[in-house]
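The letters A, B, C, D, E and F name the chains in turn, as written, and every chain counts its residues from 1.
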Amino acid sequence: MRFDGREPQQLRPVHIETDYLKHPEGSVLISVGDTKVICSASIEDKVPPFMRNQGKGWITAEYSMLPRATEQRNIRESSKGKVTGRTMEIQRLIGRALRAVVNLDAIGERTIWIDCDVIQADGGTRTASITGAYVAMAQALNKLYKTKKLKGFPVSDFLAATSVGILADGQVVVDLNYVEDSAAHVDMNVVMTGNGEFVELQGTGEEATFSYNQLHELLAGAQAGLAELFEHQKQALGEELSEQIAKAQKR
Amino acid sequence: MRFDGREPQQLRPVHIETDYLKHPEGSVLISVGDTKVICSASIEDKVPPFMRNQGKGWITAEYSMLPRATEQRNIRESSKGKVTGRTMEIQRLIGRALRAVVNLDAIGERTIWIDCDVIQADGGTRTASITGAYVAMAQALNKLYKTKKLKGFPVSDFLAATSVGILADGQVVVDLNYVEDSAAHVDMNVVMTGNGEFVELQGTGEEATFSYNQLHELLAGAQAGLAELFEHQKQALGEELSEQIAKAQKR
Amino acid sequence: MRFDGREPQQLRPVHIETDYLKHPEGSVLISVGDTKVICSASIEDKVPPFMRNQGKGWITAEYSMLPRATEQRNIRESSKGKVTGRTMEIQRLIGRALRAVVNLDAIGERTIWIDCDVIQADGGTRTASITGAYVAMAQALNKLYKTKKLKGFPVSDFLAATSVGILADGQVVVDLNYVEDSAAHVDMNVVMTGNGEFVELQGTGEEATFSYNQLHELLAGAQAGLAELFEHQKQALGEELSEQIAKAQKR
Amino acid sequence: MRFDGREPQQLRPVHIETDYLKHPEGSVLISVGDTKVICSASIEDKVPPFMRNQGKGWITAEYSMLPRATEQRNIRESSKGKVTGRTMEIQRLIGRALRAVVNLDAIGERTIWIDCDVIQADGGTRTASITGAYVAMAQALNKLYKTKKLKGFPVSDFLAATSVGILADGQVVVDLNYVEDSAAHVDMNVVMTGNGEFVELQGTGEEATFSYNQLHELLAGAQAGLAELFEHQKQALGEELSEQIAKAQKR
Amino acid sequence: MRFDGREPQQLRPVHIETDYLKHPEGSVLISVGDTKVICSASIEDKVPPFMRNQGKGWITAEYSMLPRATEQRNIRESSKGKVTGRTMEIQRLIGRALRAVVNLDAIGERTIWIDCDVIQADGGTRTASITGAYVAMAQALNKLYKTKKLKGFPVSDFLAATSVGILADGQVVVDLNYVEDSAAHVDMNVVMTGNGEFVELQGTGEEATFSYNQLHELLAGAQAGLAELFEHQKQALGEELSEQIAKAQKR
Amino acid sequence: MRFDGREPQQLRPVHIETDYLKHPEGSVLISVGDTKVICSASIEDKVPPFMRNQGKGWITAEYSMLPRATEQRNIRESSKGKVTGRTMEIQRLIGRALRAVVNLDAIGERTIWIDCDVIQADGGTRTASITGAYVAMAQALNKLYKTKKLKGFPVSDFLAATSVGILADGQVVVDLNYVEDSAAHVDMNVVMTGNGEFVELQGTGEEATFSYNQLHELLAGAQAGLAELFEHQKQALGEELSEQIAKAQKR
């Protein structure tokens, strides 16, 4: 049994509230336990310079934390005048992950801006961001698909992320909260598509290492957690949109 | 009758949800119509260098908007690498306003960090920030008062803020939303204490001017709106804390 | 009687030296007591991006202090690598104030750059900047008017600014010097047009508040001081240009 | 057969020249094919603030490219005034990886600064940096061990890194050069210790995904390449130091 | 005869107004033709970190131009967020030059901050800055010498600077104004002490070169101009202080 | 005899290795004693904004040091977020010097980017950079000349640089290493063309001064050292290219 009473492979309670904000094309408030992230998807009718004149779209993500999302107040990156390496790593990860399940040709020369703002943090903010941002993005792209003549439905699969880790006692656990994460020897983030393919796999020994067998245990745990997250996403997206994505996925 | 059906002196619906976040010493989600701001108050056990060794505390505020709080996505200040003049003006205003109703000697060498993060913007974000931040701060200071031996109860009065303006047709209105604010000829922010004293008065003709008589009309409108805001604050603070502040106010 | 022997409503000695620099289209050295500011107005034949293709002009201001304008040497903002909040507040105020008395349509797609560089500071640098910058700008715009075919004379009124405050003993005084300003409980900057309309009103209780009656006293004091400043401006501008502005003002 | 004539699991020619610079405590020039990196290890007798008074050491890495290390000249990060997200990701990876094989308690309150400067780039610069930096660091720590009374020999294992990927035709290849890397569907960096434990595993589908079976193929390829890299490191370190590390590894 | 009617070796009119500002320990307004610079010297009772605990003082200089000191308005370095290379070169030169004639041991652990702010520019701003800053600094150090127990009078010689150049027609001229400077083939700044020793010699061919013989002609011209500048400095410093420096110079 | 056994006018051993990198149009590794610099020349088919539409080319230089090029590790300028004054001074010097021996009209609207990266520093890094960069640039321009129809051969002369100085004992020495440079009273950098004309002369008394006679001794020393450097350059450039430059030089 874990610190907060969960089974090793049990996720924390997950809620995805859609249409959370009035301005963005898509937006959700996702909670995974005490971790809460506002994810929004904004559509801009141009692409960054390096993508111009290719007839393709682009997806880019930004990630931030409110100063008091954390136990100790953290200094705003706008006050520091620069974005930290951790933030950059996370926003590059979110953007890359989402691009794996979108047909960029289909959306034309448009940019989908993903904003993930962590309101409250208790571990797993980057995986909650990906899971929530996927829903906001799918809704925004669906709206775009309905109002503009796209070359086809642009979302090609579901996408979610979770963390797995090895605690100090060697136990493999899924969806680590902050206390577990701080003490874990190995920490792995797994981003997967609805049909079970890997998009990202980032495993890190924190002044520690892990064996081939432990890797297998970690991946099995991640798969169990992700299955549950896909169900939450489908519920949030509604039956119609979920079925459309499922159809795209089969092809 | 106004654009959204309100009377000239009518505020938009106001809600103040307290204890909105789990980590800060005080936090609220305030909504004034579609404007929504998360305000938190954090207590740090030291003061900035220019305040050291005076035995007094300090209150400082930071203000930010989510990129998609607005109709058009705005670029993060952390990405720009600098805080804009507008943001600086607002956070200086919030800090100064709150300091007017706190006995800084009573809190000792501590800093109260106020964070106002606008989740959704529809005009009046700076006045909603002050009104909400006051509640978060009062709760944080009350907790501090109860757990530490302070030299006395540190909050000396209520404090709220609203905007008033003169529309293109000359009508004086209270609590302008974004559409009204964009078109107003004169825009005034009024910060007042519970006992009716001015803390800040910032009136600006936007490529326009205003007369002595118009100033009076504006101030009368502000007073009406502020009376209603103080009621919302009292409800949010609860009877016990409200009475304690009322008592402090009388002295 | 005040610290430096002045009556409560008495300004410090004011001098406005025009054509102070050889390069700018308009420039003055204004002294208000020991406060000395070089104000220049430069005309650029384009507008910032957000104003393009509207057929209108723009006025923007920058404000700075020499490092040793002050008692203690202050660090250059170029060395810090950023402009402080105080500077931003002041330069936004100067630009906004001047725009209130210029017909932006008349000047076409041009930018008037106002530079206010404080050579020596003894309180009231922002109000001296506005008062001096107005003169530099009026001269620059007059030159422009004479050499280019504008749609009309672009200056619509006089404009000056002064500070008023409430000292610790409750006395209302006009044109505070640095010593008075540091100790004042309430500090108010008033920007007015020649025909007595408000352009900006910024009143601040410094860890203090002020009542409705005190507001009236402050405004009365400001009006007295401003009347005198308008006379200095007229003398600096010369009879011909002053009359032309007076004529524009009447319409 | 690959583009440059290599077998799928064949590394490019590897050379590690030790004592490349005269000033650092340890330094190498590593070449992996046309990729050339100068790696140096510097010992500083203090730790960063967050590590103070714990009696432990710290290892941190910086990574940079000469502007003309690449086909197209890239702009210096010092000219841009900021470090890019890619650079931050790489330097965090290098530091984290090296910390996994060093006993930080043994080195006391010292910082080992690792500098990896890419002189010429042809793919795999981050893995070459880790492989080369390990050698520079081991030599620097060995010198430290010999001259100061440490609590024990601080290096606990060998450490090397390589890349594996899946090309467009589905082939799994080891040690991708720039041309292969640009076109690969999946790209994975594997950091391993001498005794075959994972330290970091970063697999990324570039607008693509990969299956469980492909993951196995990738890891097998990585292991083959890493075995060869460990031999190069041992040769560079010399017999005595290699044996000492091998002994530490066994415990 | 030159463009503005001067003889080849004739300086422009020089004026040095002392005690120009009320706050600094020493300050002058120097004009060399239409070039006008406010130079101030401020004394701080500590030295920068790299000079601590050596019992010696330090002299450092900052240089800036008002935006409209020039024909075309130049953008403030505070707005750009960085100091240009030209500015850095000039301020390093001013500081280095002044340090050559001050006994840093005598002033103890103090920093002399030199600020040179160009009010109006017409060529030769860096040499006017050195010549004026010397006077401000000598007055500040003399005040320090009179009020604090120093180990001796700290100024060891006079110091002035001028420019010489070779025009397109091969003529060698002294004290180039902006028009001459822009067109000159060779430009040389010479900083000399009162007893005729070189402190700095910076000669530059602007897409041109110069011969050994031309170097001699340039140096002869500089010496003639500098002799005149020393006379202006002595007049500005007054008889008493000039004699004290002359005495120090002899030793 | 000097510290390292050299005669006063003796250079340290000089080596220039050409074609050091595979990507740049020209590149060398120059060593002057223990000072080692990688110099590369890159050709870009456009010019900076201020040079556009003049039909002329431009040459610009960047200079940097590896963090551990020096005895003490120096902090990267990319980490500091800004380029130091020293670096700016050096890169401006390198660019200006090279422009003196190139016919900018002949190369058309192209920019030659010079990158000088100091791998190891032992004094004289700026002069080694100029001497090495000249060779890299000449090779790049020669390639350009051979492949594109230029208006003529663009290199008009040889160019090299060395340092001379006066040690504490009054001795004039050539090519100072770091130990000598740190202790020298006078430090002078001389940049000369192959036909003996000065391009740059920068002499600085470090809290010291130098006389007219000492200047002559310094220049004589520089000339001797430069003669030797030109021989090294010719050898590196090869007979054919050296003769072509020699021919250009004669005209």
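Observations, loosely collected:
The definition used in the following text is that a residue touches a chain if its C-beta (ideal position, glycine included) is under 8 Å from a C-beta of that chain, and two chains touch if they have at least 3 such contacts.
Only a predicted model underlies this, so the values are computations on that prediction, with no experimental measurement involved.
With steps allowed only between chains in touch, the distance from chain A over to chain F comes to 2.
When the partners of chain B are compared with those of chain F, no chain appears in both lists. Under the touch definition stated at the top, chain A and chain E share no contacting partner at all. The rotation relating chain B to chain D, fitted on Cα atoms, amounts to 120°, rounded to the nearest 5. Between chain A and chain C the centroid-to-centroid distance comes to 52 Å (mean Cα coordinates, whole Å).
Note on chain placement: the centre of chain C and the centre of chain E lie 34 Å apart, centres being C-alpha means. Among the residues of chain D, those in touch with two or more other chains are 81-83. Following neighbour contacts from chain C out to chain E and onward until the ring closes gives C, E, F, D, A, B.
Within the complex, the chain E residues that touch chain F are 82-86, 88-89, 91-92, 96, 99-100, 104, 188, 193, 196-212, 215, 219. By the touch rule above, chain C contacts chain E in their complex via residues 21-24, 27, 34, 38, 40, 42, 44, 62, 64, 66-71, 73, 76-83, 87, 113, 115, 117, 119-120.
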